[in-house]
Amino acid sequence: MPLDDNFQLDSKIPSGPLAEKWDQHKFDIKLVNPANKRKYEIIVIGTGLAGASASASLAELGYNVRAFCFQDSARRAHSIAAQGGINAAKNYQNDGDSVYRLFYDTVKGGDYRSREANVYRLSQVSVNIIDQAVAQGVPFAREYGGLLSNRSFGGAQVSRTFYAKGQTGQQLLLGAYSALSRQVAAGKVTLHTREEMLDVVIVDGKACGVVTRNLISGEIKSYSAHAVVLASGGYGNVFYLSTNAMGSNVTAAWKAHRKGALFANPCFTQIHPTCIPVSGHYQSKLTLMSESLRNDGRVWVPKDIAVSEKLRKKEMRPRDVAEADRDYYLERKYPSFGNLVPRDVASRNAKDVCDEGRGVGKTGLAVFLDFSDAINRDGRDVIEAKYGNLFDMYKQITGENPYETPMMIYPAVHYTMGGLWVDYNLMTTVPGLYALGECNFSDHGANRLGASALMQGLADGYFVIPYTIGDYLARQPYKKVSADHQAFKEAEKGVKDSIDQLLNMKGERSVDDFHRELGKIMWDYCGMSRTAEGLTKARQMVKDLKVEFEKNLKVIGSADELNQTLEKALRVKDFFELAELMIVDAFERNESCGGHFREEYQTPDGEALRDDENYRYVAAWEYLGEGKDEKLHKEDLDFEYVKLTQRSYK
Amino acid sequence: MKFTLKIWRQAGANQSGELKTYEIDNISSDMSFLEMLDVLNENLVQKGEDPVHFDHDCREGICGMCSLYINGRAHGPQRAITTCQLHMRSFNDGDTIVIEPWRAKAFPVVKDLVVDRSAFDRIIQAGGFVSVDTGGVPDANLIPIPKDTASEAMDAATCIGCGACVATCKNASAMLFVSAKVSQLAMLPQGQVERYSRVEKMVAQMDEEGFGSCTNTYACEAECPKEISVTNIARMNAEYLKSKFTSSDSFAGKS
Amino acid sequence: MATVVNIFSHTIGRKLIMALTGGFLIIFLIGHLAGNLVLFVEDSQLAFNEYTKFMTTNPFVKVLSYLTYISIILHVIYAIVLGRMNTQARPVRYSYNKPAQSSTWNARSMTLLGLIVLVFLIIHLKSFWFELKFGAVPMMEGTDLKDLHTVVIAAFSQWWYVIIYVLAMAGLAYHLDHGFQSAFQTLGLNHKAYTPVIKSIGRIFAIAVPALFALIPVYVYLTQNNIL
């Protein structure tokens, strides 16, 4: 159902001074009496950092929670793969950090396309996350005195990043998973693994349940609840190759979008600068090397194209390139931040030097990340202690030893800042439907800073949703809509029909084949840099490919068994629709900001050129029906505290 | 490169299975093992055959979802990696590769190479946590933890729950998995309060799931992609015995 | 108390029994070997028979011997109980398995090795212990001592009997090499610094003790048949 003509996005940002908004809001919103919490049921989709922490925290409060994940265990959600760390404004290092500084850095890092109030709250609760994780037994790195250790992380000039080797995401997720497991044992959370949400059900304008498919038996089932929380992650896999897990998908968020939740800033995707370069056509995913490597590694390419060519043909070894012939381009262009410039800047510069023909590696799409200076300075032992597991991983994948020859890296899609539009309470435009973590758009603006994703996922799950959902539930009757309601039947039928359609197509091409082609279009035209012309072309290409996808797809097997190709086909189908919206959004945003770089809009020295006058808003798109153009709604962003400046990392 | 693959095919949990032979060609040595299976599956789909089902997700060795018993070894021939991190350069052109699912009573086959490892989740649910609610916890730096202790706890906590330890153990024992979690929390101050009840509950659940017992062959440690040490098993044994013989709960018959 | 008792219904408790009984039997082996070494002494008849008498009559030794019997029986029973559980834990076996890459043969073959030792034990007990208790072992001339020495020497003069002994001791050696350090692990005693030492001591023990046990019949055979 389309929204009213006079519909206005209401971000529900509390009034009052920035630092007091959240406390005041917590006081102002309605509470659910402890004895009444057990009368409410909440569905949570996803068991990553946001989903697991939300499920556990809500269950601890007394709500009945039903949690779903498509993996075989809640512990395998893709948050587990985050390597580097988690930011928190603890100022344990006495280096001048504060809630305000983290807030400021995040807003600036996001290139002024995020909401001040949300980001400030994120910075405030960041300190609680660390306390919570430590209390759960998360083994963060420590100093000899027994206190927590910190490091500085991409783009930050203070050491505020907490870490657990190169497996911080894993440890934080296992902490949240353990809290979740405790609630499963207590009977407060019913956990459904290998069960994927395929639609959200709305009755009387409120989200009241979901339809899922059991991935083992193929059974389509309805679950009703008083509220639905989506914590289903990002959509980087629209690019086919990304650092996301193979199963990461947009389906839950996209179904919500189709049912009326606005989708915000879909074109804001983050390209991570330090990934292992592509090695061939068969490549199924890209592996990220933690950005912490940039603390000690120096990025360079040869100054001369001829030298690069020799390196590509292996006629020369990287070690043999004389110091004078190397271009440490990040240090040269950004003397004060050097190799630690934000991700978007580092990525774009890598692309630029490769476009100039100075790239290295088999494909010429790689730059060096060199540790020889660090090893000479600190000794191999120190470097090994810091990055040993990353070096091993690199060696395992590429067959080269980074202690002896420089690593090669290239940017890859890593994170999506865009997502479901949510208000200050993390509620989408559909009442009772919430979005947390990467699947919402809220806190990172146009670019996410390193070590902030874990922070946001856990902030949303542990410390925001437990409060804000009460405000909605307190107004809801105890009796929930029955799962036998006509709306569920219709949703189930819709799901079954789309499955049948895919299975009955009997075309020629495999899902992967389509997905690969879609990803290539997106990477080429809607990736690291975009042009109006390219986007126009890409939109048509996606449309054409989608038409073919709907006629010529080949899915083997049946609907009532474990069928991984069917699962994939259902996900790719949604990626097609999303891809088009991303292109439209990128086309519409006639400026460059953060992860969105439009070649037409750059400063004379090639930096992103924002247009605050005309584009200082959140683009929230409304779905109007199959084949119809989506409608743009704008949420203007007001900056009361942070002064908008051209980002400069020089 | 060219390979002969012998892969366990089983249509469903209650059906019988068998090894089927497939020939595959044009494999690059830079491919990961799972990418090689992707290629096989693309070929099978083209031929209209049901692709080989196998679990996988992150493909960077951390989610623990991939499994596979490759040429008689959990996660294949290399040490300290998962199947998704195994590359075809570890094989010789023309090799025959036998691929089977994890075999254990507690890990029933779901389809082809996919097994059900929910037993691990139930063990964690039995006690693999610190019972703290969200909020109301002390400042993170209030309790100092010696660096070595933290780092040893981290080494135990690095377990990805893939089940290779069970798969490779001649007794299909889950001791390494269970002990990793017990150890992590037993070493940290935060885990002390529930230290003894935790180990008892987790061990009881482990037994209930039908895993075998440990005969200290240490195959688990050798095959663990995260190189979790069997020292953790000894520590769990000690924790368990301490609990049985010294903890007051145990004598009172409470746990 | 209930849970302390139910310790034996859980794997770790059952393994504790294996470790404790195994550990006790290791100590027993030392004592037994010390006595047997008398056979190396020239003209050992009297010394050995006196030793035999001491072993069968001393009350303290009696207690120890009953402990030994109990240990053997429990070790066997729990080996069977755990072994069954372990077999059931993997109802479908791998059609292709290469366990040698990750564990040693003897660690995997403790049941087989234990069985070898058990069969040997039965033969051994039948030949000497049973004869001494219930059979017709003659008295040593001029003493009130049963002449087990003569029975032993007679037995060890047969080549096939010696071979059984040597093979059984090889089995025991492999069994001990794993069992010695395994007992420490089961008892929860694993330490970066000490475990390698324990493993080395275990290996030395596992080689030296069975070797000495095996040397006795070989020595007797060679001397009796005038080869040495």
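Per-chain residue numbering starts at 1, and chain names A, B and C are given in the order in which the chains are listed.
We adopt the following convention: a residue touches a chain if its C-beta (ideal position, glycine included) is under 8 Å from a C-beta of that chain, and two chains touch if they have at least 3 such contacts.
Keep in mind it's a predicted model, so treat the numbers as computed, not measured.
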Partner chains shared by chain B and chain C (touch criterion as defined above): none
Chain whose Cα mean lies nearest the overall Cα mean: B
Mean-CA-position distance for chain C and chain B (Å): 36
Cα-centroid distance, chain A relative to chain C, in whole angstrom: 63
Distance from the mean Cα position of chain B to that of chain A, given in whole angstrom: 27
Touching two or more other chains - residue numbers and ranges from chain C: none
Sites on chain B touched by chain C in the complex: 6, 19, 69, 71-73, 77, 98, 100, 103-106, 168, 170-173, 175, 200, 203-204, 206-207, 210-219, 222-223, 230-231, 233-242, 244-245, 250-251, 253-255
Interface residues, chain A side, partner chain B - complex: 53, 56-57, 60, 71-76, 78, 80-81, 90, 92, 128, 130-148, 164-165, 167, 170-171, 174, 177-179, 181-182, 184-185, 191, 193, 216, 243, 245-247, 279-280, 282-285, 287-288, 392-393, 396-397, 399, 462-463, 466, 510, 512-513, 554, 556-557, 561-562, 564-565
Contact set on chain B toward chain A in their complex: 11-12, 28, 30-32, 34-35, 38-39, 41-42, 44-46, 48-51, 53, 55-65, 78, 80-81, 85, 87, 89, 110-111, 114, 116-118, 120-121, 124-126, 128-135, 137-141, 143-147, 150-151, 153-154, 157-158, 160-161, 184-185, 188, 190-191
Of all residues in chain C, those that touch chain B in their complex: 1-4, 7, 10-16, 82, 85-86, 88-99, 101-104, 107-108, 110, 178, 181-182, 184-192, 195
